[in-house]
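Below are two complexes that have chain A in common, paired first with chain B and then with chain C.
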Partner chain A sequence: MTTLELRSVNRLEGDELHLDDIRLSLESGRLYVLLGPTNAGKTSLLRVMAGLDRPSTGRVLIGGQDVTGRSVRRRNVAMVYQQFVNYPSFTVYDNIASPLRLKGLRRAEVDKKVRETAELLHIEPLLQRLPAELSGGQQQRCAIARALVKEAELLLLDEPLVNLDYKLREELRTELRALFERRSAIVVYATTEPMEALVMGGHAVVMGEGRVLQSGPTLEVYHRPSSARVAAVFSDPTMNMVDVNIRGGEARTPAGLVLPLGGELADLRQGRFRLGVRANHLSLRRRGAADIEIKGTVDLAEISGSETFVHFRHNNLDWVVQEAGVHPLARGAEASFYLDPAKLYFFGDTGALERAPSSLPLDSAA
Partner chain B sequence: MRKTESNKAWLLVLPVFLLVAFSAIIPLMTVVNYSVQDIFGPGEAYWVGTEWFKEMLRSEDLRGAFVRQVIFSATILVIQIPLGIAIALAMPAKGWAASLSLVLVALPLLIPWNVVGTIWQIFARGDIGLGGWFVNDMMGIGYNYTADSLHAWITVVVMDIWHWTPLVVLLCYAGLRAIPDAFYQAAAIDGAGRWKVFRYIQLPKLRGVLLIAVLLRFMDSFMIYTEPFVLTGGGPGTATTFLSQQLVKIALGQFDLGPAAAYSIIYFLIILAASFVFYNIMVRVGRGDRA
Partner chain C sequence: MRLRYLALIVYFGFLLLPIYWLVNMSLKTNVEITSGLTLWPQNLTFANYVTILTDQSWYSGYINSFIYVAMNTAISLTVALPAAYAFSRYRFIGDKHMFFWLLTNRMAPPAVFVLPFFQLYQTFGLFDTHIAVALAHCLFNVPLAVWILEGFMSGVPKEIDETAYVDGYSFPRFFLFVFMPLIKAGIGVTAFFCFMFSWVELLMARTLTSVAAKPIGAIMTRTVSAAGMDWGTLAAAGVLTIVPGVLVIYFVRNYMAKGFALGRV
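Up next is the complex of A and B:
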């Protein structure tokens, strides 16, 4: 049982602040998903965790011991990258064996561990191949096997699936999740994709502009984003956001849309809010009696597999509606969509969450 | 589906065939023509079969030039390839220093070959050349490349290193810049030191460009003519007479076109065979190392 603790870590590169006052405490046997857009500081944070970079200020502790200045060579870390990083002149076997051989393990032990790990990642038949003779997915499996075999106390993955095609990504994602569940290491998995974060589960650490915006159990963060920024990062398609003014039990948008607020929303304070609605909480069909109808013009209907993303325009406001099934709507068509008043997020002037839907079934996450 | 036979595809190959025919095959056939006949003038050709080939293969001059050529190419490969890699590793990766060093390194490549010969001819002279003067007067070594064959050899080799190592440097530099940073991080995490990073990441990643560098340097050095011709004229004696100079001596000096043609074909086949061997060795080498 070890912990990794970051105490007020800052990192300056040149005069750019890449990490801004990071305070985190990570425990072994858990999976942490670092979620954030590109340039949010995910890679910088991973590099500081690994010991590849030193924090400009602040301390890093592993198991209560200060390791801030300790070189990466003397830490017990494994890392997987976006690029498929393997030793080009080694076979898959020797690649997986290399960290063990550096540790000076006996031959029989190395062989046993290499084969076990290769089996976990389904690359046993490829052990005698060279990385250049493998497909992208197989190369990344090899790189992951190399990281796993080391049994490091800290396993860092920096968008490991981003260079793979969609099918492979889904397949490997599910496998990885199962693999991590059996690990006693601290696993940190960086991704830009909210859906990936949801599939991986564990704890989410949402980042933006070098800061930790929110951290907590992934589903909880998803359902109760602490701010409009977290909600925007942790939603795909991005959460619909509308400025509203609440007065007398009604929310009014500047464009004149009026939403009556009944039930549990009746006690919201008066004043200005940012209203957020997830795309999957909007629908093309009326689903309940309380649903509010909004008429708009179709800008675009993206059909992706079994789902359709309809982009609506209503009085200069853009809305994205996610609806199951295939709905070929013509551009420019007039259509209605429905908003469920029980599934609205209200963020205050500063962007802090004031009200989240109280009754969200957990399986509505996707 | 039934496939219809069509020979139209041949028409598409025709332009390439014609181009190669005019650029390579037809000129080569004239050489072949000369190599198997004794030609005195128009209409006065006598079939001699393989006689010229036999004569050339028995020729002491050719053997001597061949041995010198092999020693020369081997020497410059052994020096230029490691030196080129070392310089490329030492060059800065970014910023103005990178641009500056690239320009400085590439400078010798921009100089015409006969000018390179002339530069070194003057530079290495004991009386008026800076290099020759330095070695003679400052280091106290009796150096004279026009009289001493070892000195002539060293001068030719140093000149070639100066002229062509930059090519190896540029190729390696490009190869090194193409290695993603993640590889170095991964090596650091694995605890690999500087030597291991070079041996197991940089060198294998440079394999492709090194293959090209070795092939180019081998072929070019094996065909070297201009620079030693200007610098030493093949001397003293025949000390720095390489294959191409020997060939020119036979063809244009003695005007023995038959033997010269046979010589050319032998020369061509040697380069072809050696390049083939080099390529196959290089493609196989460094695959499946052990940690």
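Up next is the complex of A and C:
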């Protein structure tokens, strides 16, 4: 049982602050999903965790020991990059075997472990090939195998699936999730995709502009984002956000849309709010008696096969509605969509969460 | 289309004519060379080659040249590999200026450096040794090698270095077994350029040697004997001097363009 602890870690590169006061404590046997948009500092954070970069200030502790200045060679870490990084002049076998050989393991043992790991990642038939002779997905499998075989206490993955095509990504994602579940290491998995974070489960660490915005069990963070920024990051398509003024049981947008707030929302304080609703909580059909109908103009209907993303425009406000099934709506058509007030998020002036939908299940899977 | 072929043929004709003439001469007797125009040897003879390969005063020139060229190539690569790695991987104060300054070393004519080198080597007792010429040629070859190698090294993603460190490679082991195989084309091209510049350089090689390390180029310029000019032997020596270059070019022919672009293609 080891822990990785980051104490007020800052990292400056030139004049740019890449990491801003990171305080985290990660425990072994758990999966941490580092979620954030590009330039949020995910890679910088992983590099500091690995020991590839030194924090400008702050300390890194592994198992209570200060390792801030310790070189990466003397730490027990493994890393998978976004680009498929393998040793181009080694065969897949030698690639996977290299960390084991460097540890000084005996030949038979190396062979056994390499074959086991290769089998786990379904690249056993490719062991004698060079990385350049593999497809992108196979190359990344090789890189992941090399990281897994080492059995390091800290396994870092920096958007490992982002350069793969959609189908391969889904396939590898589910495989990886199963692989991580059996690990006793601290696994840190960086991604920009909320979907991926939800599939991976575990704990989520949401980042933005070099800061940790929120961390906790992934589902909990998803259901109760602590701020409007977290909600925006952890939502795909981005959460619909509207500024409203609440007075006398009604939320009023500057453009004149009025949303009656009944039931448990009646006790909300008066004043200005930022109101958020996920695209999948809006619907093209009325689903309950409390639903509020909003009429708008269709800007675009993106059909992704099993679902449709309809972009609405209503009095200079843009809304995205995610609806199951195929709904070919013409551009410029007038249509209605429905909003369930029970699914609304209310954020205060500073962006802090004031009210999350209580009807959502809050099972803590992690 | 046919015009293009014709133009190419004419072009190659002009290019190869001097070389043909050299080979032609090397297979003739001195009498035939001086007696008039013959397009190919009338009395084919290999006597000129036999002279060179058996006469110690001739073949020692080749041996001397090979020794200092090999020494120079080895020194240049050994020095330039770490230097190029540093330039390609690390940022330090003045790195850009230093990198450019290296190249300016090639801009000065060798004649400028002949006198100081001569005096210096005399003082240190290095005059007329192979290492003297090899070191002198480093003045031109090390900057060139650094430039070419830096280009090739920058083509290797930095993540490979980091992955190796994460895996636990020590720096020397990583450099020898992971990194060098990745830039072997660059090392080949660099070695070729070092070989070439050192092999054809005459001024310094001649000035810094007298007897013990006299290069073939110098021997060829001193072949006027009492019996007059030994044309045939001289031509044979010329042919033999071209051969190593041709062989080396053959091995790196696929990487030449990249080498001339200093690895930046």
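Quick note on the criterion: the second predicted complex is superposed on the first by the 360 of 366 C-alpha atoms of A that agree within 3 Å, B and C clash if a C-alpha of one lies under 4 Å from a C-alpha of the other, contacts with A are read in each partner's own complex, and residues count from 1 in each chain.
Methods note: a residue touches a chain if its C-beta (ideal position, glycine included) is under 8 Å from a C-beta of that chain, and two chains touch if they have at least 3 such contacts.
Model, not experiment: these values are computed from the prediction.
Student: Once chain A from each complex is brought into register, does chain C clash with chain B or fit beside it?
Tutor: Verdict on chain A: clash between chain B and chain C.
Student: For A:R229, decide between first (touching chain B), second (touching chain C), both and neither.
Tutor: neither
Student: Figure out whether A:R141 sits in contact with chain B (first) or chain C (second), or with both, or with neither.
Tutor: In the superposition, A:R141 contacts neither chain B nor chain C.
Student: In the overlay, answer first, second, both or neither for which of chain B and chain C A:H314 touches.
Tutor: neither
Student: Go through the superposed model and pick first if A:D94 touches only chain B, second if only chain C, both, or neither.
Tutor: first
Student: Going by the contact rule set out at the top, does A:L130 touch chain B (first), chain C (second), both, or neither?
Tutor: Only chain B; A:L130 stays clear of chain C.
Student: Of the partners chain B and chain C, which touch A:L52 in the superposed model: first, second, both, neither?
Tutor: both
Student: Touching chain B and also chain C: which chain A residues?
Tutor: Residues 50, 52, 72-73, 77-79, 81, 83, 85, 87-90, 98-99, 102, which sit in both footprints.
Student: Which residues, counting only chain A, touch chain C once they are in their complex?
Tutor: Within the complex, chain A touches chain C at residues 50, 52, 71-73, 77-79, 81, 83, 85-90, 98-99, 102-103, 146, 150.
Student: Taking the complex as given, what residues does chain B use to touch chain A?
Tutor: The touching residues are 180, 182-183, 185-186, 188-192, 200-201, 203-205, 207, 286-291.
Student: Quick check on the complex: what are the chain A residues that touch chain B?
Tutor: Residues 47, 50, 52, 72-74, 77-79, 81-83, 85, 87-91, 94, 97-99, 101-102, 130 of chain A touch chain B in their complex.
Student: In the complex formed with chain A, which residues of chain C make contact?
Tutor: It comes out as residues 157, 159-160, 162-170, 178, 181-182.
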